[in-house]
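Dropping the structure in here first, questions after.
By written order: A, B, C, D and E. Residues from 1 in each chain.
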Amino acid sequence: MKFLYYPGCTLKNKAKDLDIYARESALKLGFELIEVDEFQCCGGVFTTANDEIATKLASVRALKAAKAAGVPLVTVCSACHNVIKQTNYAMKNDAEFADKVNRYINDGDDYHGEAEVYHYLEVLRDIIGFDKIKEKCNGALKGKKIGAYYGCLLLRPSSVMGFDDPENPRIIEDMIKAAGAAPVIYGERNECCGGYAALEEPALVKKRCGIIDESAKAAGAEALVTACPLCRYNLVKNGANVPVLYFTELLHKALSEEI
Amino acid sequence: MQKISRFDIINRLKDLLADGNVDRVLGWKKGEFRYDVTPHVFTSAQELEADFVWGDFCGANFSKYLIKETAKSDKKVAVLLKPCDTYSFNQLLTEHRFDREKVYAVGVACDGMADIFKIKKITGDGISDIKENGEDLDVYTIYDEKPVKIKKTDVLSERCLSCKSKKHAAYDELLGGDGDVLDSNRFDEVAKIEAMTEEERYAFWQGELSRCIRCNACRDVCPACTCEKCVFDNPNSGMENKSPANEFEEKLFHIIRAFHVAGRCTDCGECSRVCPQRIPLHLLNRKFIKDINAFYGEYQAGEVVGSRAPLVDFDKEDVEPKNAVGKEDK
Amino acid sequence: MKSKNELLRENIIRTSGADVKKCMKCGKCSGTCPSYDEMEYHPHQFVYMVETGDIEPLLNSESLYKCLTCFACVDRCPRGVQPAKVVEAVRLAAIRQQGKNRLTPDGVEKYLDDEIPQQAIVSAFRKYTK
Amino acid sequence: MQQRIGVFVCHCGTNIAATVDVSAVAAALGREPGVVFARDYQYMCSQAGQDMIKDAIKEYKLTGIVVCSCSPRMHEATFRKTAAAAGINPYMVEIANIREQCSWIHKDKDEGTEKAIILGRAAIAKVCLNVPLTAGEIPVTKRALVIGGGIAGIQTALDIADAGFEVDIVEKKPTIGGKMAQLDKTFPTLDCAACILTPKMVDAGQNEKIHIYSYSEVVSVGGFVGNFTVQIKKKARYVDETKCTGCGLCTEKCPVKNVPNEFNLGMDTRHAVYIPFAQAVPKVATIDPNYCLMLKNGKCGLCSKLCGAGAINYKQEDEIIENKYGAIVAATGYNPISMDKFDEFAYSQSKDVITSLEFERLMNAAGPTGGVLLRPSDNEHPKTIVFVQCVGSRCSADAGKGKEYCSKICCMYTAKHAMLTREKYPDTDVYVFYIDVRTPGKNFDEFYRRAAEQYGVHYIKGMVGKVSPEGKKLKVRGSDLIADKQLHIDADLVVLAAAIEPDKTARPLATMLTASMDTNDFFTEAHPKLRPVESPTAGVFLSGCCQGPKDIPETVAQAGAAASKVIGLLCHDKLTANPCVAHSDEWMCNGCSSCENVCPYHAITYVEKEFRMPDRTTKIRRVASVNPAVCQGCGACTVACPSGAMDLFGFSGKQISAEVDAICR
Amino acid sequence: MQVNEYKPLIVAFCCNWCSYAGADLAGNNRLNYPADVKIIRVPCSCRVNPAFVLRAYQRGADGVLICGCHPGDCHYTTGNYYTRRRMALLFSMLSYLGIEKERTRVEWISAAEGAKFAATMNEFVKTVTDLGKNRRLEDLRCKK
């Protein structure tokens, strides 16, 4: 099974683990990720204003590549996923916006949201099936209490993302379970870490991360997993009490031959 | 050449009259010309011997005559029915238009009927006689002593070229055996028109319908048009009109007529056969039949007595008009 | 002729794609906002002040740069008002003005450390700079 | 005969006159052929207006009238009566709707005036072809059906029975009582719901005129006003109602004890054989086939052995009963909406987040905690309780969840809950987050103020944004709009005032009744102000929350109103039928059966009829014959008929064609 | 400058129980739609004979609407199901004859859908205005 893969800029650099383990785990689970040729950075955030065209072109180019290849586009980084999914939605549902974009790109092949966009976790859930992980799981994580940290980008806006119940998501917990560990549910798992405010407003971010960390710790989490490099950076930088891993790292641990 | 001979039919009809089963026979009578055949009620063997004809010009469908004929007497009437006629026969029974008990239906095998207009196109109008000669027709004209030899298959009428069935849907006895329901191409012409642009379709029908002279032949021959009083003759209907005074009226007449027989029309093709202006009226009826088949499932009027016509039936999941119309448009 | 403020207001409403008149003033957006305490004007006030055309104070407020675009208010709003999009439209109106970029390539360096992901930098530029 | 038409143009105050030049309309219509009198007047429906019509009819010997006014759905009946009083046939009246379909929707006065004239012309063209019609009579079955056995249905049935008519209640649950039986106290008087409801339940159960079909559903409705035929499915309860004494022995001894108890909203359990609650009517046990061991795998049979009355019958099957009714009352009630789409309040994540109806059960002496307020998770006393108002109510369609309407009862029951909590447990902190407190009712605002002033309930103007369970606490984050603060409260219990919606059975029932519904699946009333308890479908009446959210006093008032409408109907021996029915011209009919096939009421039959033909012979033909008492006048047959023999009084082919011509002139 | 603005003539047949009530509701809520729409009340959409539709065109209508209760909600239980079949076939035939298919339409509008009624009328008037005058099914004798 093949997918077009959009790693994004951070995964090529500071979040190499998120990328490497995603690719390795994919091979173990029997699917292949083919990187989009010469992809451009998605821009990290989706600018919601409907007169913003240029900031969305990189996403549209990746989407067009998927349309041309006739396979779904897969993302791993939460930010990339959010930007590409929202862009695709706008291309499909906002005719005026799509028209502007198509005229801007003007390569004779108009795009109207035909490609399918999957997050890596959605591929696991909807196409591969978590049972496959359970089958191949080595049991190394048995008894480990792991909290899923969703943040905001994967879930919201829920009407566009359609990822999971935005207020009570299960997908990462189900993956943790399939990987042989015990998921821990805590209240702040779907609240924002502070995101890009890390640059300018470190105090705000520190406060947010503290609240999240407290909430996870109180619920008994021994580690957190996330799909977002910025979430991980913010949590770690602000002195999280528990280790913060990428979900692909956890997956890789569960699937790895040597325990 | 028809499968069964005039001789065999007359013999059988004479027996029926002699047995007292029936006291009259609805059959084809020769007219001024060989090809000019008219319906007639025969009451004696002599009359049959003298005037009864059977051959390639016996296109007339007698089903409709049974309404008046059965009302005349309590005795049975024998009627000759080609396969396509039997569908009309059944449809009229479905609509309670005559008493089946008063009819003795004799099914006759049909090999297709010739179209005199097609022959005239080849020979000119001055035809003095036509003789059937195996698979050919020998056409004698006033222009020449020698007959023009025409292959019958070349002058088969349009409706016979796309014959839907050689199987009789109803009969008391069969002469010449039965055939099969055929896989006809009768909707091809309709599809061709559907494939035109809106403007082309408009121009096409404008050209056809504007020739209408409102002679009412199509209505009068139609076995589905059996109303006691036609809405077009009824001053209270709000639709009465009698002359082609305006092109709208031609359209109104033909749309409403087709709509009134929609779901009841058996596609016998009599309307086009009798039209003196050669308007392909059957293409209107066939459009309805094609749509009915596409929208509501295959339905052949007159196939079974008592079946429920599509327009007096429904399904909760029926297609919406906006999704039904013009699906075939490019 | 429309006043400059009225044009600004219309532009903000148009680019946000949000219908501020739908707001029933329940305050759920502000009840759920993670940056509430850092903000001078809160999400419900953004919606209300844009509705009433009281935009100048918003343009000059630090609150513009506290919104994390986490969409909690958008998802939870019972009226479908999308407050985050209103905030973003006001912010764009602010930073699209000449010389109003919040971040400059020269100025960003002081914020960086070895670990900070590129994502943070590009996101911040996209949010704070035109 | 040449018609003499009078035209009356109503100003409707300024409702019409503001955008339609009424005198110009009267003048233009006065010039139409056939019109001998035309006038405009301020209020045609007023006594003076009607007198003017009557005088004109007499003075000008009018044969028909056209009133240009509001919708015929509003005043057609009024003006028909007026015409009849002046001595002309009431069906010689036509209405041109120049208010709802003209003056109210067009702003330009020239445009409105022009359209009003055209609509008036169409009505004149039609009335010229009207014929006097005489309404027939149809017999009335003197029995009513009430669908739903909550307080609305019970009250309606009691009032109908009180007037001496037979009435049946169909209730889908094993007992009548509905939601009110689940309530603890009622606002604003704080009397106990059970204390005021159960005597009514007993009355209904014992009343000779009332028959209760409990554990039953309506499966089909045929016929029409005065003569409905209804099929009721009595679901198998596996207990013979006539034998069961309600002793309850089986319900104690049944070995299956872990069935979630619906009556307590799943907060405790019941047995597989059960009586929903102590005061159930009928007090008869019901076996739950999803849990009963005997019904599931043929093993057990304990209840049968124990039952002294021999009432248990495992072989019982669903039974279909067909009854005739003259009138039907829908009283199908409401339910709180599902909280699935509102999980920011963590309803699915914590047992301590409950709905207000669940809170009622927690406060109720017959509830799962015996009336002691305990948290569902650990049975401890909650010390801090947060009430959240408007959960799922007043949502915009854009939000993609919830209901657009106000559920009406939540403000008051929340004040009640808060007050009762503070009264019973003064050490409890109670917070109510509200958007608006809506208290339009007698003693309502006083009640709410008492909660705030005397009981010290903290009313916070704002909405809760998120509830997250953290350990034993529920972290509540919300806004206080007055203080301009974001509040963080560590609560022990969160109570959600869930929006209410019509019961799911209402929609299929409405289809069966051919009664209309609004987009929220509430039944529509015949007129929102003037006919609030009647459905537009004759003979169908509305009682309680199936028509819209309402509290108990309003429900009881509406139930009584519906009952009085039913009584008004049933006390007639005959009803005047709608004379606008189909009729067949026998001379033209072919007897083809097309009309018979499309008639939904089986009003068309065929007769063999002898005709004298012009040539003096006779002919027997099969022709259609319409039963005017059965025909409802839809007109399906008129189009199915190919010969045009079938036509409809009041909407004849000629009349409609004349309207088309007048409009397209 | 004088602009000769084309105003279409539209006949809307509305069933008494749903669509006519929906039109009344649109009026109650003061929802505007063009005055070009003229409503004829019929008891049920199934009362609408195809001949009425043709007659409207004959007399100069530019668009015809047939409005009824939503399928399944007919006051007479089944009337609109017959309407649906009849009009699907009639419209298909009109299109077959080259008459613009956008001119004729069936809409299901309930008594509660005043907003839908107004929106439908606005949209339909626009569609017909764009199509222009009905030329293909007119009767020149009925010309004004």
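For the reader, a short list of remarks on this structure follows.
Basically, a residue touches a chain if its C-beta (ideal position, glycine included) is under 8 Å from a C-beta of that chain, and two chains touch if they have at least 3 such contacts.
Values in this document were obtained by computation on a predicted structure and should not be read as measured data.
The remaining chains, considered with chain E omitted and nothing else moved, are all joined by touching into one piece. Between the contact lists of chain D and chain E, the overlap consists of B. With respect to chain B, maximal separation of chain centres occurs for C (centres as means of Cα atoms). Interface comparison, C-D versus A-C: the pair with the greater number of contacting C-beta pairs is A-C.
Averaging C-alpha coordinates per chain places the centre of chain A 49 Å away from that of chain D. Centroids of chain B and chain E (each the mean of its C-alpha atoms) stand 37 Å apart. For this pair, chain B with chain C, the centres built from the Cα atoms lie 77 Å apart.
In terms of their C-alpha centroids, the spacing between chain A and chain B amounts to 71 Å. Looking at chain D, one finds that residues 344, 400, 466, 598, 640, 653, 657 touch two or more other chains.
Annotation for chain C: residues touching 2 or more other chains are 72, 75. Multi-chain contact residues of chain A (touching two or more other chains) are listed as 191. Touching chain pairs in this entry, ordered by label, are A-C, A-D, B-D, B-E, C-D, D-E.
The residues of chain B lying in touch with chain E in their complex are 190, 193-194, 198-206, 231, 238-239, 245-246, 248-249, 251-252, 255-256, 258-259, 262, 284, 287-288, 291-292, 295-296, 310-316, 318-322, 324-326, 329. By the touch rule above, chain C contacts chain D in their complex via residues 19, 22, 24-33, 36-37, 42, 44, 72, 75-81.
Taken together, the chain D residues at the contact with chain E in this complex read 71-73, 97, 99-102, 104-108, 111-112, 114-115, 118-119, 122, 510-511, 514, 516-519, 524, 536-537, 580, 598, 600, 632-636, 638-640, 648, 650-651, 653, 656-657, 659-661, 663-665.
By the touch rule above, chain E contacts chain D in their complex via residues 9, 11, 16-18, 20-21, 23-24, 26-28, 30-33, 35, 38-44, 46-52, 55-56, 59-61, 69, 72-79, 82, 86, 110-113, 118, 142, 144. Residue ranges on chain D touching chain C, taken from their complex, read 344, 390, 394-400, 402, 435, 461-466, 477-481, 484, 486-487.
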